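Both complexes below contain subunit A, partnered by subunit B and then by subunit C.
Here is the complex of A and B:
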């Protein structure tokens, strides 16, 4: 990440002159950003200043147990200065006996989940807000915080009785746990008749303790393999994001050819992911022919990925300092042929999809996310771009080989489901275009850097534009060839809170498409609970069944 | 139900098309999209009569993917209890087979072996289990796994007793 030095100095001076008396220390660290150390009493004021006056958005928050090295708990609030490619990191420390912070959710609404997560996993309390069990299972005992350094990664505490209150009123569960097709995630929709009034999210069923594993059991070069398994759809995004974060913390120069190969694979992954989503969207709209066609086209990109990396998914070719597998001329030719075929077939499919009035009518004007809400909630990726925010990490924080190619960032202002569909359709064509340019310019040279030395206690922040939006990894390096802290923030994390706005006052029948329209890691919304507020009746129905409110003629694919 | 019918081979009961239920117990999605791949045009498992259903009560076979996380465990047990017998399970992917890369993390209880112990305590019987390793399991392997389970194809490995060290 290269940022204009003068610009940093200008911003630094601006902050010092306006808020200098509230800041303990301000300094620039290459690979991370502009760090502002504040005491916890001034956190709210500085957060307001950085978020509102400097016009930034919250990218991630990392709570760190720094007791073994600094004797404190810390919280790193990473804000992004849109369009400048600069991170402003607000750091605050807490004494170990009283880990407590003022909540900033009223200033930065998107901080809500981060605070809950810090409370759950690190035991940091927040004043002026409601705190509840969020990530960990209900039967997890109080007072065991897995991300604290004195908690072993393989701890298996005995289950305790759940504290959760059972909601009153008749409850008719239709089918037990129901992840048919989808990941186990869980939404509660509150409805009045057919109108959605509110939505609640109850997730983290797939919490596997990845961050803790990366900090304890794995070494630097093993973590990319773990990172790939965060998500089976956009896994390469995570491994690139992790390696970049470590590389920027340790200031490792990566050979150009490796950067090109990474970019090519990222775009191949985007192709398969967008085709997958377009297929699922068609399926949710009851247009199964479109679903099958999209997946027929997508299969070629999977075969292409296998040709380039050796695996259909979880490519496993990424390492800190470069990549393991090269691309030769035969592979370049085969790739060119495949993407041409995909382009032609996809063009035909798009023509059909966009000319079917039933599809367009269902998608147009539903699930609207206005621009102002999109900004306030710090949404990312196609969701942001469909609401008129020109936010694309590939342009804003150029990484890998994206500075060598020219491409358009599709932006629509409508903010509805159709806009989100069209953004993804445009991006498929842009991806094909990017792959072509990268293959044409592929430079010669090594694919792995020779010298890899990683210093201790260096901070690295890196972001990658995943198919679903911006993915951010925050690392602090440690000793023994291991990470000290690894914070992963996937794009869906930022986008799910926006569903509250999108679903409000919408008809129930539009809910499945709207929920899927943020592409929550392959519409992981398996089960939806419908509560009829007018009668107080609560029943649980599956996502599949909710589809029956639509025109879905056959359930079960 | 007659206890005796469970003694028969599944292939004697399930002769025609087999209905599958997809159960993600906390996996990363890679195996899950490969399962979908199996059902879409390129592999098109529906030509063998393999069809995805929305309810475990309709299912002949459960496609289990992912390590069993602590949060999904009670729900997984309930789902498997709802499957009619003979209860057939295909453990797909490295995580489902043995917990995979997560096997000793605080967030998961392990793979299908750990789940089997819990199921045993709760009186849920799995009548037949076939492992499909891979990370993720390839679509061909998933189809092959179903064929092995039904007795159409022969398994490539023999059953041998190994000592499993359980923490």
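Here is the complex of A and C:
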């Protein structure tokens, strides 16, 4: 991260002069940001100050069991000061016998999930809010906290009987999972006639305990392969984000050529991801011809990725300190050719897609997320940009080789599904443009730094603009060539809560596209269960029956 | 005019033609860089375990018995990252382009490289390292030849004896 030292000093002095009496310690850590240590009594006031007065947004929160090294539990609240590209990290400690914090969800609504997660995984309690089982399965016993250091990573506690109550009222569950697609999710849409009145989200069905694995079983250079498997679409984003976090914690200088290669691959990944999304959006709207052509174009980007890395997905070439595989002249030429072809074909296709009245009409004005809600919920990526927030990590917190290229950040103010579609369409062209510039400037030199030494107890924060928004990794380095703490926050984590706003009071038929418009996964859309609560019968409806229910047979809702 | 625009897709489709490749009748679409299954050349492998150490997914494991050292490659866990090939000191591992690895017999997924450990040249009972490893060491450090065939304990003993001898504190018993 390259942040102006004077600016940091200015902000530091401002904070000290205005809130100095509430702060225990304030210091700048190069790989992470400006750290503010507060006692838990002052947490709410400082959170309010940082969030509202300094006008930041909550990027991630990491709860850490620091008992073995500092004798306390800690929580790191990472706020982002976009204009300066600076992280402001509010740290608070809790005594081991009483891990409790005041909730800040009324001040920062997007803290909701983070608090629930800390409660579930670390056993930190929060006052003034409702706490409930969130990540862990319902049959997980009380009092076993997976992320505590005294819990082994391979623990398998005996399941207990779950006591979840069933809610009353008509509801349509969407989900939880489709074997052919990634990331199961489960939505319960509460409806009145055709109108959605409320949405419940129930996720984490595939919580794999990756953070714990990375902290306990994997070494620094093995974690990139694990990180790559967090997501089946934007895996490289996670591995870059992880390696950058460790590199910034350990202050490792990565050779420029490696940075360029990382950026090129990140953009290739964005191309395939956006083309995939555009295809699926067409499919959801019943325009399968568009779906097939979008994927036909996408296929070329997949082959390109294989040519550059050795694999279509999970590229497996990223390590702490650089990359494993170089790009030669033949590959540069092949890449240039492919992106030119993709650009031409995609241009033609977009012209067609945006002229189809069914698509435009169904996307326009549906699933609206107003700008104010977008800011309050700290949404990221195309969702934020379609709601008028110019938020793009590539510009705000420059990493890899993005500072060497010029590109536009497309912003739309409508906040509807069409705007989200158009943001992605524009970004495809921007990505092509970026790849071209990077290939033109590709510097010579090594692709792996020679000296890699990782000190203990260093903090690193890094973010990468994934196709679906900002991805953040927070690391604390540890002993024995292993991480002490690894916190991953994927973009959808920030965006799903916004669905509540988008879906509310909207017609049921728009729900699939709206859910899809944040680009989570589509696993939820083609299996529907209708629950008759009076008899408790549950059955899956066939396409024919769906038609009788007046639900679109094609998209499934 | 605008109403006719969607029909442009027909034109695109006609020009593009069929893009689906009739796999498996036709060869698969893989590039020159594709990483598939790995193959360990048993004659080159020295059983050092570097590949086992780096393997992120535990596809490679090592088993040590009294007289054998076995490197096992279980394809079912392999993520085709190629890290093992990068670290192998003798380049015994090659990355192939095979990816059609489905089988009805799980045994096909386990590939073993078995190294027999050599008997100590001094005590004649203890076994310490595979033959290939010893050759490798001697090739790299020729002076090691006197020690290389010796088991760990014998090496220690020989070292101590050598030192004592040098200081005139040990006498070779007359036969």
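Worth a mention:
By definition in this document, the second predicted complex is superposed on the first by the 503 of 557 C-alpha atoms of A that agree within 3 Å, B and C clash if a C-alpha of one lies under 4 Å from a C-alpha of the other, contacts with A are read in each partner's own complex, and residues count from 1 in each chain.
Rule of thumb we're sticking to: a residue touches a chain if its C-beta (ideal position, glycine included) is under 8 Å from a C-beta of that chain, and two chains touch if they have at least 3 such contacts.
As the structure is a computational prediction, the values presented were derived from the model and not from experiment.
In the superposition on chain A, A:225 contacts both subunit B and subunit C. Residue contacts after overlaying the shared chain place A:351 against subunit C, while subunit B stays out of touching range. Using the contact criterion defined above for the overlaid structures, shared-chain residue A:131 touches neither subunit B nor subunit C, since it reaches no partner. Contacts of A:310 after superposition: subunit C is touched, whereas subunit B is not reached.
By the touch criterion stated above, A:197 is placed in contact with neither subunit B nor subunit C. Once the two complexes are laid over each other on the shared chain, residue contacts for A:296 go to subunit B and to subunit C alike.
In the superposition on chain A, the chain among subunit B and subunit C reaching more residues of subunit A is B.
By the touch criterion defined above, A:235 reaches subunit B but does not reach subunit C. Once the two complexes are overlaid on the shared chain, A:207 sits against subunit B while remaining clear of subunit C. Shared contact residues on subunit A (touching subunit B in one structure, subunit C in the other): 225-226, 293, 296, 299, 314. Remark: subunit B residues 21-34, 36-37, 39-42, 51-58, 66-67, 69-72, 75-76, 78-79, 81-82, 100-102, 104-109, 135-136, 138, 167 touch subunit A in the complex. Residues 218, 221-222, 225-226, 289-290, 293, 296, 299, 303, 306-311, 314, 316, 324-325, 345, 348-349, 351-352, 355-356 of subunit A are the ones touching subunit C in the complex. Partner subunit B is touched in their complex by these residues of subunit A: 136-140, 146, 151, 153-156, 175-184, 204-210, 212-213, 217, 225-226, 229-233, 235, 276, 279, 291-293, 295-296, 299, 302, 312-314, 521-522, 524, 526, 542, 544-545, 555-557.
Looking at the complex, you find that subunit C touches subunit A at residues 2, 5-6, 8-9, 12-13, 16, 19, 29-35, 54, 56-57, 79-83, 86.
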